[in-house]
Structure formats: structure tokens, C-alpha cells
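Next up: the structures, one after another.
In what comes next, chain A is part of two complexes: it sits with chain B in the first one and with chain C in the second one.
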Partner chain A sequence: MSAMKMYQAPRTLEEVMRAAGETGATIFAGGTDLMPRWSKEIVPRPAAVVDIKAIEGLSGIEVTDGEICIGACTLMSGLDESAALRRAAPILAEAASRIACPQIRNRATLGGNLCNASPAADTAVPLIALDAVVDVAAPGRAGATSREVSITDFFQGPGKTALEPGEVLTRVRFKRPAAVATWAWEKFGTRPAMEIAVASVGVIVEASDGVIERARVAYGSVAPTPLRGHGAEAALVGRRLTDETIGGCVAAARGEISPISDVRASAGYRREMVGVMLRRMLEDARGG
Partner chain B sequence: MIKTSGDTGTVNKRGTDQESLIGGRIPKLDAPEKAVGLTRYLDDIKLPRMLYGKILYADRPHARVVDIDTSPAAAMYGVRAVITAADIELVRFGFGSDNTALKGEKVTCIRDEIAAVAADTPEIAGEAVKRIRVTYEDLPVVATIEEALASGAPVIHEGAPNNVPFRFDYDHGDIDEGVSQSDVIVEDTFSSQRVAHCCLGTSGLIAHFGPDGRLTLHSLTQVPFLYKHDLSRIVGVPPEKIRVIQPPIGGGFGSKLDVHPFEPICVFLARATGRPVRMVFTREEEFFATPTRQPMVIQLRSGAKRDGTFTFRDVRMTLDNGGRTSWGATTPWISMRTFSSLYRVPHVRQHVDVIYTNNIYACAFRGYGNPQATFALESQIDKLAHELGMDPLDIRLKNAQEPGETTGQGMVLGTCGLADCLKTAAHNAGWDVKHSGPQKPVGKSRRVRGLGMASLFHVGGGAKIYRSDGCGTILQIDDFGGVTVQTGASEIGQGSETVIAQIVAEELGLPIENIRVVNNDSDLKPWDVGVHASRTTFIAGNSALRAARQAKGKLLVAAAEKLNREPDELDLAKGNVVDRETGEPIESIGKVLRGMHFGRKNEMIQATEFYEPPSKMPDEGHKGDISACYAFGTHVAEVEVDLDTGVVRVLGISAAHDVGRVINQLGIEGQIEGGIAQGIGYTLTEEVKVEGGRVVNPSFTDYKLVTTHEVPELKLEFIETHDPAGPHGAKGVAEAPLVPVAPAIANAVYNATGVRMTDLPLTPERVLAKLNESREAERGATDG
Partner chain C sequence: MREVVEKVDLAFEVNGDSVRLAVSPDATLAEALRDDLELNGTKTGCEEGECGACSVLLDGKVVNSCLVLALECGGKSVVTIEGLAREGRLHPMQEAFVNHGAIQCGYCSPGMIMTAYALRLENASPTEAEVRRALEGNLCRCTGYRKIIDAVLSLNNGESRHD
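Coming up: the complex of A and B.
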């Protein structure tokens, strides 16, 4: 009844795409999003699943001078424990380290977190702040083709991504942030662990002589998708981090998010918390 | 007064009798088996030809059942039986006699059981219940107490046309006199939420009829003998033909004091199929289809004289009873004892209304109405202190009872360590230094800290709410000094098995490894009222102690005869008969036993005891000395409140409990630490949220238990008052540690911020709203 009719764990991407594309098999990575949804009957158990963890080259972190490249099947614990990532893009390592608990982090993959497309996906916010792109493998007539999608275009709605049936997210890439950049990421919830974010915020700013030259702001759990904060960024660029700038940035942030009220928090409280987190991050960045 | 400290690792600090097991750090006897995963829980038990049961719930709060079509389920391959109310005799049960196993005419809450299936696999059973087609005619939903009491409100049960099935009243003294004696009077309304027991093991049962018509149940009940009796009536099997076997139980906390509808349903399925049927709940079912803690609204008015002397308490309590009545409706009986007897107070009046709604219903839960009452009372005592300009510690000490006092409700406090608990918990928390408020944020941070305290009063020597509060013991010693103790007491993870073994081993001078405790089969064990009311160490401990003393007496007589000595010259220690004066070993206990058995007289040692505590059933006015002794304790919480987010973090809790005497240091630390952790969840994060009769967070994703991160450093101290009624002086302690956590934390929040929280749980959103309210008010005051 609930038994899976078909489980396969192929070694090549082509086989995955064939299974996913032609027979409609569900792509299965860590299963930490899929399995609870099956057992709670939020979605029916699929007739077939295709496990992608055996495919070579889909996991691992490559840090070069210019770019960081992470395989889709890299585990959250792998992101958390990578010294190279901690040095090059600590904002992502930090977010990964705050997901769930060690047991889940040892199963959950980066690709799964993104493809699940929850507005609360904890790695999405830092990746937006990092201007990441994802590589998508698509089945083509003459073998697999690959296309690049920016992280902001990737998320299309709750549970909806830019992936077409049969496509596989293979890698996540982003430029290594400047050494001078300051960053912050925080998620708000009622407990420090095992917590789906009520709201989260990520910020990366680069300043020269106290004037902000480049800013990236992103939010989680306050819109149908993880969201880039264009308004908050504009309120920072070209300015010094005065009280007035910070106030303007917070006001812009509160204006550009569209949180909902649900069992975890009210819309008003979510909006309030985004403001508090952002203000504290900017005050910390200013220092003193 | 002897205190033993919880955070030292030493074995038995008493110094006088170094070899005594009493007060030692004894690991639970069942721990190794659990640690290596060999314990066989209900879910692991598979009987030959066993089927799997599944229930169909109404999933609507209020409706008339028009038609049930079970044929699509019955037609499925592997389905062995489908039953509805039409297939069984509908016997009413529950405290309000308003429940039946299956519901045929009307549903009054979403969890009402409509039909059930027994099938070859759990999956087939699960699919089959989905195929049952039920036609309902929806009725207007009564979602709140206000809606239930509104004029023209829909009637939920015909027996209670005003939707108020029960009222309880209590009083002692004269409220008007109390009011006239008061220099200060305060009044507040407090509310508390539904919380779930969250036992690690979910509910379940295996029911099975033998060819002789005897019914065997593998049941997780906390009250096997009452259960047998209640179930017997519902399923029509005489009690003497029912056997209750309790497999290792993954937590109870009061959730298994009632017979729940799924239990007779499982029996009916077993009867219909002639095969064993197992039913084990999913976690989601556990959240919506088992009862919760009773949510309460408490209006409290109380007063004090200028010097802090309490004058009166006037209480009105309203309970959202949900759509059916379980023992949860009687939790006001215990809350009464707190309002009447936590600290000295001459005039008390309490009125309770229990209201039907179409919400899910509540049952017993650790503390049994006491946490709700203590939250209201101890919050208001803090307020009285504040109004009088008194230190909250001083006002409590001023009114703390002395040993020997009788409370207004007629409870005799033979021993009472309340004042010591207050002073000790305060001292260990650094009360003198840290308690001053409201406080300014430290440096640039937006966080403030504060300290709050609260005490508790609870039964410590059982609670005579049935005509017997006793427990039996049957003790036998084999030819080698191996002891089998059959006790009525049930083990639900609390460690009673270990405590009983300790007490027997201590008395007989045998190593604890020699003691086997049999406690899980109603065909073998003598009667016991059940594991509730923090009673097992006290009652079952006393019973075991007395049985062991009898056995010891017989052994010493036999040894004296053999050794040509007087029995009172001898004692038992370390497996030997020893000289009482010198401790010198004379003969091994095994040798004496074999001498008795195979010698001239052919005797063996068997002892039986039925211990009934010297307590009394309360009279019609709820008064009387209901327990053989009473437990006290004080907690001081230190918190940090984030003024921008409303997040409350507990930095530490200092707890001092009057436990009479520590029997097992490890066990008692576990009880207190667990109770505090459960209490922190109750205070800050836990809530079964019900909207329009529906549970909206039936999973651990959104039902927030606290994790290890949120349990801070705990300082535990045990005040040993050596109660003469207790085994070795011990009192019960199991429920106590949860009781004062919420008010201690809420009072600390007040100390930190000047804001008083009256509604549980103290979610960040709620705390922030109150903080904003008070900031608005302040701004208004300075502007105006």
C-alpha cells in the first residue's frame, strides 16, 4: 500500500533525468523534506523515487580565489564543518549550522533545501545575499545540457522553482565576497534549535572610508519566497551607517516584505522582528 | 534539618550509616536494557495472528451523524472487521458519563470516534478507514466559553442544557471578614493553555480473547485495577476474567489514568475478529485524539494586612471542558488545596464552573490543576508584596506554615519544610544581591535580567480520592537469598521499581541485584490504586518496607534458633546474619534459608502486606486530611528578557524541595530536572492550539517542546524533614517540580521589566505586546 513501487539509485545524471523525466519519479536527496510530507500525507507517496546521492561529483565544496562552487548533494553538516567555507563565506556556513539538529544536518542537502522552495529555507537567504546562481542539468536530445539560473529567479512561489520536470539542480555557485565585507545572518524563532524560522535576515555590506559601496539584504519567511531586499539595499548604498541611515533601511525593509499570520507568528510580529534583526545587525556592523 | 545537595556526585552524604542504600545514587534497574535497545515496548510485541486496528475520527467539531457506509472498507482485501456504534452495546463512561466508545448519533468534538477497522496490516487498516463514508449534518460550533454561555447557545449534551455540567464550591472562614481585615486587595484574571503530555511512547493497546473467554490486555494504563473495573463495564467482560499486562510504558504524566475510547474499541475489534488486535497511535493522533492539560481562566482576588499577613482569597475558576468529560474536569479539586493551604490564609472561597464546548477535552496531567492555581496565586502574592513594598521572600516567610499546623481545608502538616525551602532556594539563587528591579539594560544591550520566586503545596503521602488508597506487596525469598517482590505499583519510567528494590534490599541486608520486582501483571500483583498523585514511593514503598520487615523478622527468628541466640541480638547486613552490636558476620543468609527449608521444619519465607495510608476521604465540603503527608518546595528563576523581541530566556533555576527524605538521589534529581524542563515548556513555548474546535499544530514541528538548549543550569537542594509516616521518612515528589515553574518565571519577568504576565504561555509575541503596552502607558504619563 505505502510500499514504494520503485526505488533506484543510479550513478549518472542521465539516468536520473530519464527516470524523473519519463517515468515521473520523484528526485530524492536527503529525504528530510519528502519523508515527513509522505507520512503526514501532505503529498501522496510517489510510485517511484530516484535517489541522487550516488551520483559522482554532486557533492563537495570547491573554494578558489574567485569563486565558490558547492555540489547539490552537499550536506548541511558539510557546509557547517568546512573550514574553507567558514573562511570564504561564513554567512552560509552559519545558516547551515542553525538548521534543525545534528541528525537532520547529516541527511539534509543544500540542493534539497533550495528545491523544496520553502520561504523559510535557511540557506536561501545567505545565497541571495551572495548573489548565487544555480546550475541546472536538463535532459537534451544529445545528452544533458546545463543552464544557469540566478537564485532569485529560481524561487517562484511556495514550493515552486524554475525547474522543469526531469531537471536536476547540480551546483550552487557564487563569487567569493570581498575580504572587507561584513556579514550577518540571523533567524528568529522561539527556540535556538529545531526551529523553522519565524523570520530571517541576511546582510552583506562593503564599505570604504565608512561609506557603503555595496549592500545585499535578504529575508526569509516573510514573503511567498525567500526575498531580496532591494529597498533596504538602496537605503544603504552611498551612505554612512548613521542612526538615520539605519532607520531608513529598517523602514524600507518593513515596507518591502509581505509576511502572513500563521500558527507560528502574526504578520505584524514578523515585520517587527525583521526590523529588530536588521537594526541590530547594522548597529553591530557600525561597531563601537 | 539535613540538606542534601543535588549537584554533588557523592554517594550517601549522611555519614552515619555509610553502607545504607537509602539516599544513594542508584541507577535505575531497567536502564541498561533501555540503553542498549533491548526493551520491548508495546509496538514491539507481536502476538500470533495479530491484526492492526485503526480508528476513523469525526474530524468535525459538532454534527449529527446521518449515515455511515462501511461497505467500501469492508470490501477491501485484508480487512477483517469494521465496526460502528451500531455494532456494539453503547455503555456510557467517563467522569461525566457523557462518552461512549463509538459515537452513533452526534459528535461533539473532532476527535469523536466514529468507526474502526481491524486489518492484516496497519496500512490496510489506514486505507480502509479512509474509505468509510459518513454523512453528517453540521451543527453550529461552540468554540469558546463565551459562546457556550451566550443566551441561545447550542446545547452540546442534553444532560446539561446550560452547557455547565459541573460546578464546585469550596470555602473556609468568611470572605467579608477577610476583606474588612485587608489593607491591600488585588484582583487579576489569569489564563492558561492546553498542553500535551508528549510521552515518548504514543498511546496503544493489544486486546485478545482466549478460548476460555478471558480477555488479556497489553495496556499502558497507569491504574491497572481501576482500569479492569471500568473497562469491564464498558465491554461486558467480568473483571475477574480480565488480565492486564503492562509492557514498559514510555511515559504517563497522568495521560493514562482514564479509560480512553480507543481501548474498548480495540477490545470490540478483538471480539469481532476472534484475533488479537493491536492499536498504536501516530504522533498526530496523539496530539489531537488524546486529552490535554485542562485550560483554565482564574479570576483571583486576595488581600493582606500592612505587615504582609494574608487575609483572604476569593477565586472564580472557569474550565473549557471540551466536548466530553474525563477526569480533567476534577482538577479543580487539587487547585482548591493550593488556594486554601499554600501559606496560611484564614478566609478562602472558590467557585468553579466547568463548561462544555466543542473543543477537544482534557484529562489528568502532572500537578492535576495545581500548576494553573499556583501560577495565579504565586503571581498575585508577588503583586501583594509589591503593593506593600515588601520583599517577595519576606511576605512568603511571614505566611509560611510551621510543622504541626492544620490548614483551613483540614490538612494536617505533620512535617513542613516550607520556610526552609524558601530560604534555601533564595540563598542559592543569590536573591539578596540580584533581586531588585525593574532593571536597566546592561551596557548597550537591550536585555534585562530579573529574579522571581514561587512555592508549591501538594500531596506527599497519596491522596484518598477512592475508598482505598492502598497498595499490596507479596514478598518471597528463595533458598539463596534471591527475593521476588510482587508489588501493586506500576512503573511508568519514574523509577519506582528501583526504589522498591532499594527499600527491600536495605531491610534484608542483601545486595540490590538480588531483588526482582514483579509489577506489570494484574494476575500476579496485588491491588494498588495506581500510579498517580505522587504516591508510589510513599505508598508502595511503605507496603514493601512492611513486607520486608515481616520477612526480616521471620529470618531473624530462624537464625536465632539455629545459632542459639536471641533474635534481637542479630541483624542482617551484606548477605549475612550479623551480630547486632559488633556487626560481625555469623552465618550467611542463604545458609539460614536453606536450613529453614530443608531442615526439620520445612519452612520458606513469604510475606504479604496491604498498606493503607492513615489519610481520610474529603467530606462534602472538600475538607479533610486527604494525604498522609504534604510536600513543599520553592523555585527561584533567573531570566533575561529581550526588550525588543519579547524573548524570555531562563538563565537558571534554584529549587529546594521538602521531600521528607531522599531514597534515591539519582532518581529524585531526574524527577526534579524533568519536572522543571516540562515546566519551562509549559511556561514559555508549549500550547496545543485549537481554532474552531480543530487542533492546528498536531506535530512536534509547531508544538514546541523545549530542547536541551533552553534548560539552564539547575541548582537542586533537598530539605529532609523525615516525615514519620513515610518509608524512611520519604514523601512523594513526582508532580511537585513542575508546579511552581510558571509563576517563578513570570515573577522574574516582572522583576526584570515591571510587566506582569497573566496569560500562559509567555510567548515572545505576547511579552512584547505587554512591554509595548506599558511603554505606551509610560509615554502617555510623561506626555500628559
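Coming up: the complex of A and C.
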């Protein structure tokens, strides 16, 4: 049995990166992914953890006309309760509000959801649909440097991200969607409460005179990472939402996902459900 | 068995009292409450965030105390089920649970009551749908939930003595 010998909660990013980089401390945000694994001994407790919640400027939601910028330590309950986010990017507020239960939403952070890199991470699908980027702070000789990573490049596999050891995800940013854009996000689980997605789909569509000018489609729990639906998008852009377009989009979606069978559902069921959710969303978008 | 490690000082507030403790860095808030402070009203069931038996308020927000490190609570305020009664009288939420038969074995009750209490701090007269949503993270293996929901809803019309 391993033991955790040190807990620190520094106020600066530099101290976090020093702890994480040099002494190998595990970055700790809400702990809702980390702590269940420790208590069940799925992974050994790390010797040291560094809590990032006391760092100034890592929490909060800034909505301007052009951009939305969210600190990594912003809680799911904060995303759910933000009236500004509900107006500007309801797809993300909705997904956050459907994570687990109040107890978890009061602790789970946006950054933790992304850095944990589960294919089922519920905020990942809306953020892919929103074309988000994340800011990553890296330890440098003259203090922290920052680099930008697109959300699709950030996810590299189950539990794997583009972060190097010691790097900290600091913010998530995306352009405010056009006021005319319609959106839908849905997750399908095996029960209505406390569900981890068997499959999820997010869509943002902008149309002009009935012709789709821009489309973003994303899927969760149906590939090694949350996935952008390039094929489904191409099947929509430049077209009207006819039965034929919707059928083509659904076929493209079913073809570009690579679900697996596990305790929650079979691969075939997941593929079927992605098609069903996407079809319903597109039919709703055109009004029936 | 866990390796014995050096304990660290922790100062925080529990049910309105200032408390100082020495805890090991990996102790959870649930462990500190139950093992060090002997506040055994807070239960643990799953220790992985699924059951809600360990629900307490941390700075006014309901959390699973099995998923909080004790050392995270330095300078913060915690309210447990033991903190609800006043001068030997149960809190109205506790009374409502008793009066509605919302308690059978009672194992889930402290967590249920803390979660329902937290809901009413933010929403004084929740709808049934809001109550059901608020209690999504609290499992009860006995009551079938109906009586629990009725108990929480009963406070919408009743008067509350403490707050």
C-alpha cells in the first residue's frame, strides 16, 4: 500500500508546476475522478498531491461579445448556474448540468473533466462542437509559458492528453456562437439519474434561408476519445435539412464512430443510439 | 492497512465550532469527521461518490465528504447532520422526515437530510421535479423515495423554526 505524504495548495502556478514537474506531485482539482480510484485502490495513492484551487484567476467565466473564456477550476455547478453562459453557449451549460448530482457538480471542475480524458467526459462534446481551444501553462526557465491546444488535439486516447508532465490546463476558450445558431446536446444512459453516457451527441448548426452554412457535430463514448464528426458535418453543409440530408448525415455518423462493447452497452447499440439521437436533433432543428 | 505517515495540522469550523486536528494527508473529510471528531452521524457507504450517505455542507454547498481531503478544509466551514438541531429540538427537515416515515433503516437519512437542507438554502419552495433532481446522488435502499420526497415538499407550506 502506498501512502500520500504531502498535500499542498499553493497560490501561484509556478509553485504548482514546480511541485508537479520536479517532485512528481499529482495535480488535484475537484478530486472526483482521482479520489474514487484511490479509495478503491484502482491506482495507488500518489506520494504527493498539489491542489490547484487556491490559484488566483483559475476560476470564473468571462463572456464578451466575441469570446467566452472559462477558468480550469470553474465548477460544473458554476457552469450550470451561470446565466451569462446559458445565454451565450447553452450547449455547454446544459451538458454541465447533466453531470452526476449536486454533490459532484459542487466539486467537479471543467479542467478536471477534460484532463481526465474519458471518452465519456460530458463537457468535451459541447466544447468540440464549439471549436474550443485550451490554454496550457508549461514550466519555462523564466517562469510559466503558455501554449494553445485545440480541443480535438488535446485528447489523445482514453486517459491521455497533450499535457506534458508538470503542465497545467489553465483556461478553455471559444468564440461565442452566432445568435442564429441552433444547438442540441443529448446523452443517453442506462437510467435517468447519475448516468455516465452510453453515447452522447452534440450539434451546432447555422443556416441561412434554410441552407446550412456551418455545422459542427461531436460524439462522446463512441471512440477512444471524444470525437469530432467531420463526415456528418460535410453531409450537412451547403444542404437543406431534407429527409435525404438527414439520412446522409446519420449514415456518415454511423460510419465514422468506432464504439466498443463494455459493461454499459454493446458497440452495435451505441452505433444505433448515435444515429437515433442525431436524427431526432436534426428533425427538431427543422421543426419536425 | 495504510502506511503511517506524519500528520498535519488542520484548523476549520465544524457545526459552528472552531476545531483543530492533526490528520494524515490522505484522510478524507468523512474520516476526519467520523474517526477524529466522532461525529458518526455522517455515514460512508460506497466511498466513491455514488451513494450520498456522506453528504455534508462545505462552505454552504453540499458535497460528498468521502471525496474531499480533510486538508482541503483548512479555514472552511463544515455542517454535518449533528449541526442541524437547535437547543435539543430537531430541525424542521429532520422532523419532516420523522413525521412522513421517510426513515426506515436510517442509513441514508443523514445524507438525504443534508442534501435536502442544502437544496432549501438555495430554493425555499422547490417543486417535486426539483426535489427529485437534487436528491439524484442519494441512494435509499428502503423507502422507495416517495416518503422522502413528500417529507421535503411538506416544508414548502409549513413554517420553519430555525431559518
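Rule of thumb we're sticking to: the second predicted complex is superposed on the first by the 284 of 288 C-alpha atoms of A that agree within 3 Å, B and C clash if a C-alpha of one lies under 4 Å from a C-alpha of the other, contacts with A are read in each partner's own complex, and residues count from 1 in each chain.
Note that a contact is a pair of C-beta atoms (placed from the backbone, for glycine too) under 8 Å apart; a residue touches a chain by one contact, two chains touch by 3 or more.
Quick caveat: nothing in here was measured; it's all calculated off a predicted structure.
Of the two partner chains placed by the overlay, neither chain B nor chain C lies in contact with A:Gly143.
By the document's definition of touching, both partners, chain B and chain C, reach A:Ala193.
Of the two partner chains placed by the overlay, chain B and chain C both lie in contact with A:Lys40. Shared-chain residue A:Gly255: touches no atom of chain B or chain C. Touch criterion met: A:Met273 reaches chain B, while chain C stays clear of it.
Of the two partner chains, neither chain B nor chain C is touched by A:Gly57. Residue by residue along chain A, chain B and chain C are tallied for touches, and C comes out ahead. Legend: residue contacts after superposition of the two complexes on their common chain; A:Pro165 is shown touching neither chain B nor chain C. Legend: residue contacts after superposition of the two complexes on their common chain; A:Ala265 is shown touching chain B, with no touch to chain C. On chain A, the surface patch touched by chain B in one complex and by chain C in the other comprises residues 1-2, 40, 101, 193-194.
Taken together, the chain B residues at the contact with chain A in this complex read 121, 123-124, 126-127, 284, 644-645, 647, 684-685, 689, 696-697, 699, 701-702, 704, 706-707, 709-710, 763-765, 768.
Within the complex, the chain C residues that touch chain A are 1-6, 8, 24-26, 28, 47-50, 52, 55, 58, 61-64, 66-69, 71-72, 115, 118-119, 134, 136-138. Chain A meets chain C in the complex at residues 1-7, 9, 28, 31-32, 35-36, 38-40, 45, 49, 51, 53, 77, 100-104, 106-107, 193-194. Of all residues in chain A, only 1-2, 40, 101, 188, 190-194, 196, 263-266, 269, 272-273, 276, 280 touch chain B in the complex they form.
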